[in-house]
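Each of the next two complexes has chain A plus one more chain, namely chain B in the first and chain C in the second.
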Partner chain A sequence: MAEHIVESIYRFLPEIALTVTLVAAIVADLILKERNRNVAWVVLGGLAVTAVLVLRQIGWSESIFSDMIAVDPFAVFFKVVLLVAGLFIVLFSMKSRELEHNATRIGEYYMLLTGVIFGMFLMVGATNLLLMYLAFELTSISSYVLAGFTKSLRKSAEASMKYIIFGAISSGFLIYGISLLVGITGATDIYGVRDALQGGVEQQMALHIATIMIIVGFSYKITVVPFHFWAPDVYHGAPVTITTFLATASKIAGFAMMIRFFKISYVESGSVVASGSWELVEGVQWNVILAILAALTIMAANLMALWQENIKRLLAFSSIAHAGFILMGLVLLSDEGISAMMIYMAIYLFMNMGAFYVVMLVSNKLDTEWISDYEGLGHRSPFLGVAMAIFLVALAGFPPTAGFIAKVYIFGATINAGWIWLVAVAGLATVISLYYYVRVVRNMFLVDPAESDGPVILDSGSMTILVLLLIPVLLLGVYFSPIVEWAKHSVTMFGM
Partner chain B sequence: MVFPEWLAEPGLNHFLVVSAILFSLGLLAVISRRNIIMVLMGIELILNSANLNFVAFSRYGALSLEGHMIALFVIIIAAAEAAIALAIALNIYNRFGSVDVEQISELKE
Partner chain C sequence: MEFQIFGIGILTWIVFLPIVGMLIVLLLPNEQKNAIRWTAATVTGLQLVLAVVVTMIFDRTALGINDSNSFQFVEQFRWIVVEAVPWVGKIEIMYFMGIDGLSVLMVLLTALISVIGVISSWNIEKMVKGYFALYLLLVTGMMGVFVALDFFLFFIFWEVMLLPMYFLIGIWGGARREYAAIKFFIYTFVGGVLMLLVMLALYFSVAYTNEAGEQIHTFNLLHMMNAANYVEGSILYGLDTTWRYVAWLALFISFAIKVPLFPFHTWLPDAHVEAPTPISVILAGVLLKLGTYGMLRVLFPILPDATIFFMYLMASLGMISIIYGALCAMAQQDFKKLIAYSSISHMGIVMLGMAALNTQGTVGAVLQMFNHGTITAMLFLIVGVLYDRTSKRGVYDFGGIANQMPKYTGIAMVAMFAALGLPGLSGFVSELFSFLGAFDSFRWITIISVTGIVLTAAYILWTVQRVFLGSLSDVHKTLPDLTGRELLMFIPLAIIVIFLGVYPAPAIELMNASLSHLVDFVNGGMP
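Moving on to the complex of A and B:
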């Protein structure tokens, strides 16, 4: 037992490094001068150390702390993706003007940010239902505070209020579902749940209710229609850096936890999953329900995005639509579907962050978030305009950007599994989405700027971050085999 | 005092029914109440209904002491959430001069 604990601690080092970073951020805030910069550097350093420790875990497949957490290729893939997100968010935060107004409290900001990343690390690895819930809440509760971090702004206060009300309800649904599931199966870890379900349970009705409630709880986190209504308001009101974080990392971690939960506990171990077999919970076709949710999400979000005048709201609806595309892979629940989801999420991270970063730079310089104010931006700052155009084309899913590759794999997997109607809906929605993405591009390039508007000049740091985001979006569009191979090797979960 | 027959021997089902009622009442409060504090009370009801489930399953069902343990954790989470929520509610009151959920909706097109 003692050996197991010591070994577990060894395999838990990235998370420990994050915790140390969290404490270091508080201490640095207390003792360092010129806090805004220096605390960020401390956190960046901590994340870099964590990244090294995570990269050492490649190839491991272990269950630690008595089946609490799994350290397997699946978790490592997501930890790397989440760390990249975290690193970029810290870089964004250093450039954000919104946060500068709250410089006296910036230590808290970085502390909470590290806490959220820590919670997400637990989310992608957790194999125990209690730990899943705790990790879910750790991310959520810290995010509530971060969404309202610029608390003197009315919109930020409103965003955090809406976020905590909807978040708390959904966490209530999740824990109620978990309580039923745990009660029926008598097991608290997902392997035990699977064994109990394999043996057959008598209370089918309770099992169905539990499954529905757990899906509702997860759906809120990944913003699936009809549980998305908090997202546009929260994304609109929160500081841009936090909006970016919620739209990418938070959603990715939610998907990772959802995949692991359903893949392990609802699918017979060792079975080669054909298209959409959720064999352990009979009576209801869960894959059809999820397919309908995915189709609804894709359609509704893309249609609602057409009317948005605020760029943050537009990107919020766009990110909801992307959640729908990613959910298509979960309908299949096959290795092919899940690896397609992982490819999509890794690419989605870069293109969405890029788009939000341009929004942040524009609001830094011009103090606006309205699409109409983007008129002539392409002439005032060609680099910013071209970068935004590339990110938007990638989000729409057209070659030669990485967004195309992401869509090809997820559509391909769905067609292979025989869900033609789902792909038809998704394809139609992609065409619709083109309209609102192109509207922004048209505003930037085809409308001349007003006479009084001078050029927008970026500092070299902002340019560098933008280039760092542009490279993967363009490179993965033509040279995508590394990420595809990596995702295919990373579908292995411990105990599958 | 004489109990009716269906109440004489309390079992798992009784507790599950009570917790289901609690959950529904909590949800009702969240949906119908306009005061943010009352909404938070509803959320507490929802979380506590799950706690009741855990403890009932622990007493009558297949769960061992784990049920009690999970319930303790959920209580802690509920406390943390309430602390954050009240801080946010206070900030809302400072900005808007009201804690009426329906009046706080500036983030609409």
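Moving on to the complex of A and C:
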């Protein structure tokens, strides 16, 4: 037993490094006092150390702490993606002007950010229902505070309040579903749940209710229509850095947890490894529910995005729509679908972050989030305009950007699995999405700037961050074997 | 046949030279307008030289189409390779280019029109750097589509064209440019999404077996043409299945939007009217051909069973386009819009000729693609010349130009009468072939379509009468005749139009072998 614990701790090092970073951030905040902006460097250093530790885990497939957490290729993939997101968010935050509204407490901001990343690390690895719920709550509660970080701004306080209320409801659904499931199956870890479900359970009705409750709980986190309505308001009100984090990392972690939960507990074991397509345990057609939710999300979010005048709200609806596209992969019940989701999420991370970063820079410089104020931006700052245009067409799925590859894989997997109606809906929605992305591009380039508007000059730091985001968006569009290879090999989960 | 320069194949040079030019243009300072223009001219000029070289040494007897050994100037490298995992096989995407009798003339046409477009763009003063950078990117996209033999590559080039085109119309266009640009963008993007879905369905249906005995899914167009490569039980397996018909329709619509064929044509008049002259030239000269080329390269040989099934649909849409385009052209008062509608009418002839699925009709269609490219490019340039001088382009705004601008009128007559189909000029030959071929296959449809010729004659003659004949109004008495730069863009086109009218054999010889093979292949179904 002691050996097992020592072994487990060894395999838990990245999370431990994050915890140390968190403590270090608090201490640094106390020491640095007025110069507490520099806490960011402590966090950056901590994340870098964590990254090294995570990269050492490549190829591992273990279960630690008595089947609490899995350290497997699947988890490592998401940990890397989340760390990339975390690193960029810290960089963004260092450039943010908005956060200065609460500058005295900026140390706490970085500390909370580290806490969220820690929670997400647990989410992607958790294999025990209780730990899943705890991890879910850890990320959620820290996020509530972060969303309201600039609390002196009314919209930020409002965002935080809304987030708490809706978040609490979603947690309620999730914990209720989990407790029913535990009651039905008598197990708290997902392997036990699977074994019980394969044996067949008597309380079919309860099982259905539990499944739906859990789907609803997850749906809030990954913003699936009709459980998305908190997202536009929260994304709009929160500081841009946190909006970016919620729209990318938070969603990705939610998806990771959802995939693991469904793939392990609701699928006939043994059916997976050989053929790559899964057979469901008897009685629960959860993938049909997800298919309908995905189609609904894709259509509704894209249509609602058409009417947005605020760029953050536009990107909020766009990120809801993307959640719908990603969700398609889980419907297919195949490893191909999962790998397509992973490819999509990794690429989505870069393009969405890029778009939000431009939004942040524009609001730093021009103090506006209205799409109409983007008029002539392409002439006032060609680099910023071109970068934004590239991120937006990537989000629309245009070749030769990475966004196209993401769409190719998810559409391809869906066609191959025979869900033609779903892919037809997705195709239609893609056309609709083009319109609202291009509307921003139109404002930037097709409208001449007013006489009074001077050029917008960027500092070299911001330019570098933009270039760092542009490189993967463009490079993965023309040479995507690395990400595809990696995603395909990362589908493997412990216990399958 | 191979032809390399510095170890890089000639087709890669032809396709990517403009990208090199684009990078140079981007590095030049904004103020160096002439340096930017000359860079674009040099790059497209070199491209034209290479294209001429390709045409000269092209082997006219090689078949191409579905036979990978007889493609010429082939370049084939593995681009994306994803090794197999237990649940999904190996994935290969090829950088695969080559040309045959179907594409050789299109490559030449694209290079030619690109150079002429640059010359015609010389007097653009607004954001010169951005203009030429986008222009050169557009040229790469167009050229790439004509030489790509891997569906993935084909699709990427196909979509790469859209964004530059959107900006070129949207920034440098006329009064309603934004509307026209977004309309063009959305229409063609719809086509793109449909094509993407069919492409993916084909990808999952087709797998070839390599030397090592592995089954490999592929985007290779030639493998998709081979019935033996379709995986049993896959969505597009078999012949004359519902899914194959659905796939055919989706792909057909995506190409028909580009042609544009009635009823997918409504973007075209707007785009043409609002686009600046050089972009109209590119649009009419090359872009519209991508649609019909795509049908011959992708749609016909990959889904021959459905092609035969939908033969009459294609012919009917061709017929409607011919008549409807001509009638609309007749009603226009805007010279540019008139030519835009005449384009729809003339591309209808291409469609009709192709739908006949016999050698005569197909040869006529491809020749008509080339001829329409040169003739309509001239017509748009002709409108552009008047618009540059007077900022007007209403048919009724002019009169008696013939006396004031004799050189201009001479050139204009060549183009107008070629569009009308006057024997001795290039349009006649290709229209004749198309109609003859179509008459073999569909009697009544062709008979009705031919009345389009009469309508064409009517609107062309009326236009000639209104613009060039009659009395000259006082405001136009100072109009200067063509400048040297303008003559430079007209004369090569005029020579080609007259030469191919008198002696079309060289052009026909280039494509005859490939197109006969294509027709046999489609009619034979899959062997």
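Descriptive notes on the structure:
We take it that the second predicted complex is superposed on the first by the 479 of 496 C-alpha atoms of A that agree within 3 Å, B and C clash if a C-alpha of one lies under 4 Å from a C-alpha of the other, contacts with A are read in each partner's own complex, and residues count from 1 in each chain.
Note that a contact is a pair of C-beta atoms (placed from the backbone, for glycine too) under 8 Å apart; a residue touches a chain by one contact, two chains touch by 3 or more.
Since the structure is predicted, the reported quantities are computational estimates derived from the model, not experimental observations.
In the superposition on chain A, contact of A:H4 is made with neither chain B nor chain C. Applying the stated contact rule after C-alpha superposition, one finds that A:R56 touches neither chain B nor chain C. Of the two partner chains placed by the overlay, only chain B lies in contact with A:A168; chain C stays clear of it. By the document's definition of touching, of the two partners only chain C reaches A:D335; chain B does not. Those residues of chain B that touch chain A in the shared complex are 23, 26-27, 30, 36, 39-40, 43, 46-47, 49-51, 53-54, 56-57, 61-63, 66-67, 69-70, 73-74, 77, 80-81, 84-85, 87-89, 91-92, 95-96, 101, 104-109. Chain contact summary for the complex, chain A toward chain B: residues 130, 133-134, 137, 141, 144-145, 148, 151-152, 154-155, 157-162, 164-165, 168-169, 171-173, 175-176, 178-180, 182-186, 188, 232-233, 236-237, 307-310, 313. Listing the residues of chain C that touch chain A in their complex gives 79-83, 85-88, 91, 155-156, 159-160, 162-163, 166-167, 170-171, 177-178, 181-182, 185-186, 189-190, 193-194, 196-197, 200-201, 203-204, 235. For chain A in complex with chain C, the residues that touch the partner chain are 273-277, 334-336, 339, 393, 398-400, 404, 407-408, 411-412, 415-416, 418, 420, 423-424, 427-428, 430-431, 434-435, 438, 442, 445-446, 479-481, 484-485, 488-489.
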